[in-house]
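Okay, so chain A shows up in both of these, paired with chain B first and chain C after.
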Partner chain A sequence: MKILVCIKQVPDMESRFKANSQGVWFEETDLAFRMNEYDEYAVEQAVQLKEQLGDAPEVTVLSIGPDRVVEAIKKALAMGCDRGVHVQDPAAATRDPWQIASIIASHAGDKGYDLILTGMQSQDRGSAQVGVTVAEELGYACATTLVGFAFSDGTVTAKRELEGGIKGVVRLRTPALVTCQLGLNVPRYPTLPNIMKAKKKEIQTIAVAELLKEEPLATTVSFHPPARKGGGIVLEGDVGVLVDQLLGILKDKTAVLR
Partner chain B sequence: MYLELTEEQRLIQETAREFAGAELEPLAARLDREDDREAFLGNLKKLAALGFMGLNVKDAYGGAEAGVVAFSVAMTEIARACAATAVTVSVNNMVCEVIQAVGSEAQKQAYIPRICSGEYAAGSFALTETGAGSDPSGMTTRAVADGDGFVLNGAKIFITSAPYAGVFVVWAVTDPEAPKGKGISCFLVEAGTPGLIIGKQEQKMGQHASATNEVLFDDCRIPGSALMGKLNDGFRIAVAELAGGRIGIGSLGLGVGLAAMDYATRYATERAQFGQRISNFQAIQWKIADSYTELEAARLLLMNAAFRKESGKPFAKEASMAKLYATEAANRACYNGLQMLGGYGYSQDFPVERYARDARITSIYEGTNEIQRVIIAREILRNFA
Partner chain C sequence: MEATREIYWNVGHGVVIPMYLLALAAFAVLVRGFLQRLPVYRLGKPLDRFDRYDERVKRLIGGLFSQEKVSRVRDGGVPHALFFWGFLTLFAGTVMVMLQADFLTPLLHVNLLSGEFYKAYSLVLDAAGLVATLMLAGLFIRRFAMKPEGLEIVDDDIRIHTILFAILITGFLLEGARMAVTELQQNPDLARFSPVGLLAARLFTSYDNPSIMAAHKVLWWLHFALVLGFFCMIPYSKLRHIFTTSINAFFAPLEPKGAIATINMEDESAEQFGAAKVTDLAWKDIFDADACTSCKRCQDRCPAYATGKPLSPMKVVQQIGEVAFGKPGADLCATVTDEVLWACTTCRACQEICPADIEHVNKILEMRRNLTLMEGAFPGDEVRTATGNTEVNGNPFGLAYAGRGEWAEGLPVSLMESGAEVDILYFVGCYASFDKRNREVARNFVRICNAAGVRVGILGKEEKCCGEPVRKLGNEYLYQMVAQENIELIKAYGIKKIVTTCPHCFNTLGRDYRDLGLDLPVEHYTTFVHNLLNKGVIKLRAEAEPFAFTYHDSCYIGRYMDILDQPRSLLQAAGGRLTEMAKSGYESFCCGAGGGLILAEEKTGTKISEARLTMVKETGAPLLVSNCPFCLTMFEDGIKTGGHEGEIMVRDLAEIVAERLEGV
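Up next is the complex of A and B:
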């Protein structure tokens, strides 16, 4: 069995973001990067499946981006993936989801992966399009926003998170692609010995030009913080009156008390 | 010249930071105020499972083989969250390293994997005595050869982790007639050995969760195989092999200092007086500038000492410099941080008073900073004589 996990390296979401000089994406200088949270669930699920199947599956982890993304690949290797693929693309941040999906599909097309896992979206761009587009391009069955996963006899049983706390269960025959949501699992910390041993695992580097043949379908034209809102409302006076005023405002202007 | 961490070192730093933030930091304030050894030891076990007890120890003995730089950055991240946990991790690492450096193959196989795996919650160093602190050669604990073993008698104080240590590295006088420092030997004594008595626990100013006890030897009989290294060579082991521990404690100090300044700086950007944030005032800005500058200098000193040790170069002077500077910078950072919080800095509702108490010992233990200055001056003057 062959498994592919697609991961993205994203900035620490507690960073202070500012627009880059073109005003179409964030400035990367001074940002600390880490593995996209949803992709960590995908890595963990792949490693758990490998353990469940007695180490039989080979788990490949793939990431697209500049050299810094090798650190995220190494983390996935330290968590238990077997080999890495680094699609070297210094301009990855400018690609639209269609191009990113096309790169992955172009790599995966002749590899015969039985199962592809990825996060339901990236924490920075948040398009949630890459996973489903890869599945479409490869003709794989696809289920998104997984909060539960089981595998037996070539069938994935996926518990999906729907709106309003409702869950749905779908079954997919492999080959299949699933996207992972918060709650699916608790990603393990890579152990220190495994971090050091991951140095010996193979990471294949592929230039993006070898895989990317598609033009973008969408272009980001602006990246900016929300306009500053006016100052808040300051209530003053007797506490009893204040409480009534506050309740009124919460009822009228917010969904808190509806 | 390349001052960046490797990818592996960064991943270890990230793992330490995430684990410490998720598992250690939420418990640190409670462990400071009340005794919950089970929770404390539980965290040590998790750290062992991740490989933090043998960072610079060979894979064959259960270590991570991650090196000294990784040890330093991991210690700093752990100490940012909980200094009491950090000191235990530092001592455990040094016990492993000393056994790895000096012990017999049988001793290495017997003890290092147990500490690395967490089977032993801790290992302890039993060097200090009431009359032998900065001057350990003045120790009076005796080891007398008896048949094929030794009998230990004497008392040690300030022994970190003693109540839950699985093995003790014990120094004792084996040749009382020898010149000062020449007649001391080093032994590995297992917990539970009859005559090894864990005495009174110190009531300390900080680092409360980490137990610090008296350890007594009352006709404590140990086998000949407990001798570590050569007979009468123990003092050299203490002096030479413990230098690495100074990198650990300096890194710990750096973590506590950073925790204090990060907390205080965030506070200063929120706290308003005279109609504006106090971070607008130069009096506050200078504290921020001074402390972060000193902590950055401390970090670079530590990285240099760690890198030298990792590269097999002499590092005793650099380790002493880093320990001296980092722990004093940490104390100043805690002083500044506490001052920036005003009355709240003195309140137990905020963590900065804990950081200040936890940092205070760092200029005292693992060789007082006065002794570090003696070492540094001796190393420098050697080149001028």
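Up next is the complex of A and C:
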């Protein structure tokens, strides 16, 4: 059995984001990067399945991006994936979901993966399109937003999160692709022996030009912070003074006391 | 008539050969008992505790004869020390008799045990026997009648008390029987120098000499048999502590307090990190279990134990012994349990008070290393998150690392990357960098430095967590990762001196980073500012603003670094009137945040911070002064949850000093 996990390295969401000079994406200086949260669930699920099947499946982890994404690949290897594929693309941030999906599909096309796992969406761009598009291109069965996963005899039984707290259960024959949601599992913390082992695992580097043949279908026009609409005010100090301040604000800025 | 006595009176010199043979046999049993334990100690990993030999011997001799560590705790300790000295004197007296009878008399024909010396000898030995008997009685009453909380009674205890009593009583009866026939009748003046023996002799006076002499023979052999029995018991009972506890003073660590073995991350052959089994610990850790006397002083002082957590440092040490001697292949961490291991704040109160030189904290840390590095375990999900945050953003809060230096905006602080000349690098730490309350401490420290004309540099967004909390939780890998980055940076800037406001950063940079190649003077601001005051570089307005306060010794400044006086004298120089808490100095009670637990929720028992605040309240002082960002955070929190708002205020020493700077 062959499993592919697709991961993305994203900036930590607590970072200070600034638009880049073209105004179409963020500047990378002063950002801390980590593995996309939803992709961690995908990695964990793949490793759990590998353990369930007595180590038989080979788990490949793939990431597209500049050299820094190797850190995320290494983490996935330390968590238990067997080999890494780094699609080297310094311009990955400018690709639209269609292009990213095409790169993955063109890698996976002849590899015969039985199961592909991705995060439900990325924390930075958040299109939630890559997984389903890959499934479509490869002709795989697909289920999204998984919060439960079971596998036996070539069949995935997936619990999906629907709106309003409702869950749905679907069955897919492999080959299949699933996208993972918060609540699916608790990603493991890599143990030191596994971190050491991961250092010796193979990471294959492929230039993006070898896999990307498609033009973008959607273009990012602008990246900017939302216009300030007057943030909250925190009043601090003596209660007596606070009351006066509050009254003043209510009178000046609201219609409550009119 | 000369004051002396006939040795082997009544029993005759015929006993000498059987006596020595039997004594030799008993000695053999004793040695065999200990030899049987050696292979179990050897289950542990090698560790050199025979280096700096002279220093170790000094500690052994000094510790043994002074009984300083035993008597430091008066309850139980003082009677035990007196008993020890009494029994030791009796032993020495017996050895002198042996030397006299079997060496000096037959070989040199001199009699030392005569005249004035014999009188003194008699009196001292009688007194020693009396003291030993009284102390033993006192300790017996304490253990079996008063039953101090937490003191366990095992079968050994009753056996040991019985045999010791029997030895002392038969000794006095033996003396009395001899005196009844000899001294009382021939030299009553001399009898006065054996007052207890005299009392015992009176018991015999109504009997005739042949009966007394018959009784004497029986008593002689009984006393002798009891003493042999005592020797044989030593390795097979708690009595073994006579040897193991004493020798542990020799094996005690000579490294700076708090030193932790730095794991070699380059060693690719390593398969086990931390201790999963007793065989992963050092031999000294197993030996420690044999040195433990179950005095429960550690348990009495453990903040986790005191607030209803399942941890007792004494039990952890004993469990290591039970596993080593019982089932050495067993899963040690599972025996001790994760919950116990995660409860330790590494406050070191256990180790500081231990009369047996046992190293509790590092055992727990080694087991935590196994949990963290081998199993990827955490005390809770909040710690998992904080660890991930430290990995990604270099701080446990997960805040953007780019904002690390923002607290210093508008202050006279240089960023090292600007290339400015500085006198000190202020290693700010995560709390003073990001936590709103602790940023005040950082700002005030800078104000003090500025008033003293000290040019302060910071690393700003380049600084990372020092790694202490994660290291104390067992995550050596992450610790070394952040430590290496900090060290490379600090070295690259050619810094001469580092000052920290956080005791945890202070311990880590000043001691632990040395193992990783940072060799710079590192100082905590309490001594740094104290020095500025002493040199007259800063002056404080003492009279203008007197205030009452109590002072909390953080574990990592007090117990770990012996800094007790400087902060107190600084605060008093600032006009403070100090009321000490019941537990202060080396006996200070942890705030609950050490050992990485600042990152964890306190899920079992009551809150350690609230227990400490109760002690603050007992002083009646409205102000609690601390010297550590973790303490400050815990107490600010405890004041709210414990209902002390408006009653106790907690401030950092830097805030007090900065407010009272003269000419600012």
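Here is the rule we use: the second predicted complex is superposed on the first by the 229 of 258 C-alpha atoms of A that agree within 3 Å, B and C clash if a C-alpha of one lies under 4 Å from a C-alpha of the other, contacts with A are read in each partner's own complex, and residues count from 1 in each chain.
The rule we apply is simple: a contact is a pair of C-beta atoms (placed from the backbone, for glycine too) under 8 Å apart; a residue touches a chain by one contact, two chains touch by 3 or more.
These numbers were taken from a predicted model, which means no experiment stands behind them.
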Just from the overlay, do chain B and chain C fit on chain A, or is there a clash?
-> clash
Can A:Thr191 be said to touch chain B (first), chain C (second), both, or neither?
-> both
Based on the superposed arrangement, let me know which partner A:Arg16 touches: chain B (first), chain C (second), both, or neither?
-> second
Applying the touch criterion given at the start, work out whether A:Ala78 contacts chain B, chain C, both or neither, answering first, second, both or neither.
-> first
Contacts of A:Val70 with chain B and chain C, given as first, second, both or neither | first
Have a look at where A:Asp30 lands relative to chain B and chain C in the superposition and call it first, second, both or neither.
-> second
Which partner does A:Leu212 contact after superposing on A: first (chain B), second (chain C), both, neither?
-> neither
Steric overlap of chain C with chain B in the superposed model, located at which of 203-211, 437-445 or 527-535 | 437-445
Overlap of the chain B and chain C footprints on chain A, listed as residue numbers | 34, 189-193, 195-196
Note: in the complex, chain B contacts chain A through residues 7-8, 10-12, 14-15, 18-19, 49-52, 55, 59, 63-66, 70
Which positions of chain A touch chain C when the two form their complex?
-> 12, 14-16, 30-34, 186, 188-193, 195-196
In the complex, the residues of chain C that touch chain A are 268, 271, 273, 373-378, 381, 384, 387-388, 391-394, 398-403, 461, 476-477
What residues of chain A sit close enough to touch chain B in their complex?
-> 34, 70-71, 74-75, 78, 189-196, 198-199
